[in-house]
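The next part holds the structures, each set out as structure tokens.
In what comes next, subunit A is part of two complexes: it sits with subunit B in the first one and with subunit C in the second one.
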Partner chain A sequence: MKVLTVCGLGQGTSLILKMNVEQALADKGISAEVEHTDVSTASTMEADYIITSNELAEGLVGHRAKVFIVNNYFDMEEINKAIDENVVS
Partner chain B sequence: MVDLLMNDVLGTPAILVGLFALIGLLAQRKNIADVVSGTLKTIMGFVILDAGANVIVLSLGQFSNMFNEAFSVDGVIPNNEAIVAVAQQSFGTETAMIMLFGMVVNIILARVTPYKYIFLTGHHTMFMACMIGVILTTGGITGITLIVVGSIILGSLMVLSPAMLQPFTRKITGSDDFAIGHFGSFGYFISALIGRFVGKNSASTEELKVPKSLGFLRDTSVSVSLTMVILFFVVALFAGPAFIESELSEGQHFLVFAFLQGLTFAAGVYIILAGVRMLLGEIVPAFKGVADKFVPHAKPALDAPAIFPFAGNAVIIGFLFSFMAGLISMFLLPVFGLKVIVPGLVPHFFTGAAAGVFGNATGGRRGAIIGSMSNGLIISFLPALLLPVLGTIGFEGTTFGDADFGVVGIVLGNLINVIPSTVLFIIITFVILIILYMIGWKAMKKVEKEDAA
Partner chain C sequence: MRFLEESIVKVGVEAANVEGAIEAAGELLLKEGYIEKSYIEAMKYSYKENGPYFVLAPSIAIPHARPEDGVNEASVSLVQLKDPIVFGHASNDPVRLVFGLGASSSEEHITLLRKLTGLLNDPMNVEKLATAGTYEEIKKIVEMGRS
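So, the complex of A and B:
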């Protein structure tokens, strides 16, 4: 499974989100490759899931991956909930 | 053999950062596949950075030529990615060493002092390491002294900057879970103070209805392209077709030329960002892993957009007013005899937005507007004042954009020029840092008392 975490610059917050998502997926026993990037790059990349914020999700409409939203990239509870609701393992 | 090790291996920044990543990955006991791919990607990230620098330098050169022809003054585009990528070609080893040991100093400080912050915004750590390296080298400090002094300064900034904002960050997020680790903090700090001063009874920005249509600017490659194309068009129109077509474009229509040069700049930034992403993709998680082990109750200091979700309207308002102040400054700077700093959408978007959020937290709408405008002035005037102390790197037509680079660079650069003795410079720098620690510590105690009461 391939997951992209996305923020505006693809440097700071998306990397934090990537580390947290990796942690959350590992805790659930789901094996996945997680990469962090910016919106433009994400829109041309293959992936199964894309996790991003509300504003940036609009730029990824129509992507083949399932796009879902986490607003606070540091809130493990929100991340876990979003993964439970959206990821089919 | 020693020569090979010292010059060709450790003296090649790409290999040096690769070694850091390798050690980090081994320390985390990753499997062999992860170790190999992580190390290679880190080295490749550095090589990509270098390639991006070459693209950007070409486009910057054309911009400077046109700007000079059009207005008879030098115009500078502040862009952290561009200047760092350019500086890596001569200061790569210094940057890598100061960055690594700066992270070590950060962990030690978080362990032994009340400053529990771990600065996780890796690209800013790298940019600051680079600037400190350039300024100290220009001032004549080299070798081990450079690395020791540089990393103590960097490590200190990595805890002082989040600490300075923490009372306001806590107000925004309503918790003490994370801090803001971003070297635009000085602008946010001023914005928050101004907000407190002007914002009596001003309602929050979040009660307004603001169109969300500016959200697309958060996509960096779109906003960089857009800014650069507009800038190149404006400058090309002033420089005139005759000059451009005869001197620069080899006959290509001047507007087509301007359009492509704008996009070349944007492409250079895009390449550099991809390089930085690969370069730091392994180092930052390793840093966090080490910090988690050695620092109990560590508080992560995160990139500025971490606070954006807490005040969506202040983000847009902050960007608009910061950018407006940037445009006004463009005309004010030459009046003061300074180089013209061309405002970019990206620095104004990220730091203007954050300044808006901080200003709103202390002073509502009025705080957000006046606070982010002062941020806009700060990130126009500081980069201009910073240029003279950057040595040869200051002549490339670009400079550091965010506020803390300006404050730190101007203070360090001028101190080193004024004080003839290196030892005295180092002592004074450390005294300043200690004073800052004391101020911060006092403020923390005050907050604790208030919390207890």
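So, the complex of A and C:
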């Protein structure tokens, strides 16, 4: 399974989200490759899932991956819930 | 690598708007020589171009740009705002804490983000940082989060 975490520049916030998403997936025993990148690169990349903020999700409409949103990047509960609702393992 | 040291943390900052808040967090890094002035311009440009997505959680903004925009040392500053500022984020406004991130492409960048994530994953820490009155109080919270 390939997961992208996406932010505007692919430098800071997507990396923070990646750390917490990796943690959440590992806790659930889901094995996945998580990469962080910026919106425009993400639109040309193959992935099963893309996790990003509400603000950037509209830039990814039409992507083959399933795109879902996390509002609070530091809330493990929200991240866990978003994964449970969207990721089919 | 510089993480929330006394010279790059400021409590009770008055900023007029989003740009002022980003500038305040950037100025702390600039005066220590950790970033160039061009990096502050790039942070503000990113806000204009990409919007307030870097308001990562309630009360918390982490403005940043790319390493090539002018970073000399991987670093994180903090501006605690006297009055909260609306960045235009759908769910995390208003912002009370602005962490200026000097993004480098080194391993130190990842270490800094791990420290920051460790600190901010606990909402109690966020509340304490937002209401701290002195640097000493902030230092205590940062050091506890390091375990």
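As a working rule, the second predicted complex is superposed on the first by the 89 of 89 C-alpha atoms of A that agree within 3 Å, B and C clash if a C-alpha of one lies under 4 Å from a C-alpha of the other, contacts with A are read in each partner's own complex, and residues count from 1 in each chain.
The definition used in the following text is that contacts are C-beta pairs under 8 Å (C-beta built on N, C-alpha and C of every residue); 3 or more make two chains touch, one makes a residue touch a chain.
All figures in this text were calculated on a predicted structure; none of them were measured in a lab.
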*Who does A:Thr41 touch here: subunit B (first), subunit C (second), both, or neither?*
first
*asked:* Going by the contact rule set out at the top, does A:Tyr49 touch subunit B (first), subunit C (second), both, or neither?
replied: neither
*asked:* Is A:Leu15 touching anything from subunit B or subunit C once the two structures are fitted on A? First, second, both or neither.
replied: both
*Does subunit B (first) or subunit C (second) touch A:Met76, or do both, or does neither?*
second
*Return first, second, both or neither, reflecting whether A:Glu58 touches subunit B, subunit C, both chains, or no partner chain.*
first
*asked:* So subunit A touches subunit B in one structure and subunit C in the other; where do those two contact lists coincide?
replied: 7-9, 11-13, 15-16, 19, 39, 53-56, 71-74
*Write out the stretch or stretches of subunit A touching subunit B in their complex.*
7-13, 15-16, 19, 36-41, 53-56, 58-59, 71-74
*Can you list the residues on subunit A that touch subunit C in the complex?*
7-9, 11-13, 15-16, 19-20, 39, 52-56, 71-76
*Would you tell me which residues of subunit C are touching subunit A in their complex?*
46, 49-54, 56-58, 60, 62, 64-67, 89-92, 101, 103, 109-110, 113-114, 116-117, 120-121, 123, 126
*Which residues of subunit B touch subunit A in the complex?*
120-124, 177-178, 182, 212, 215-216, 218-222, 270, 273-274, 276-277, 280-281, 284-285, 288, 300, 302-306, 308-309, 312, 346, 349-350
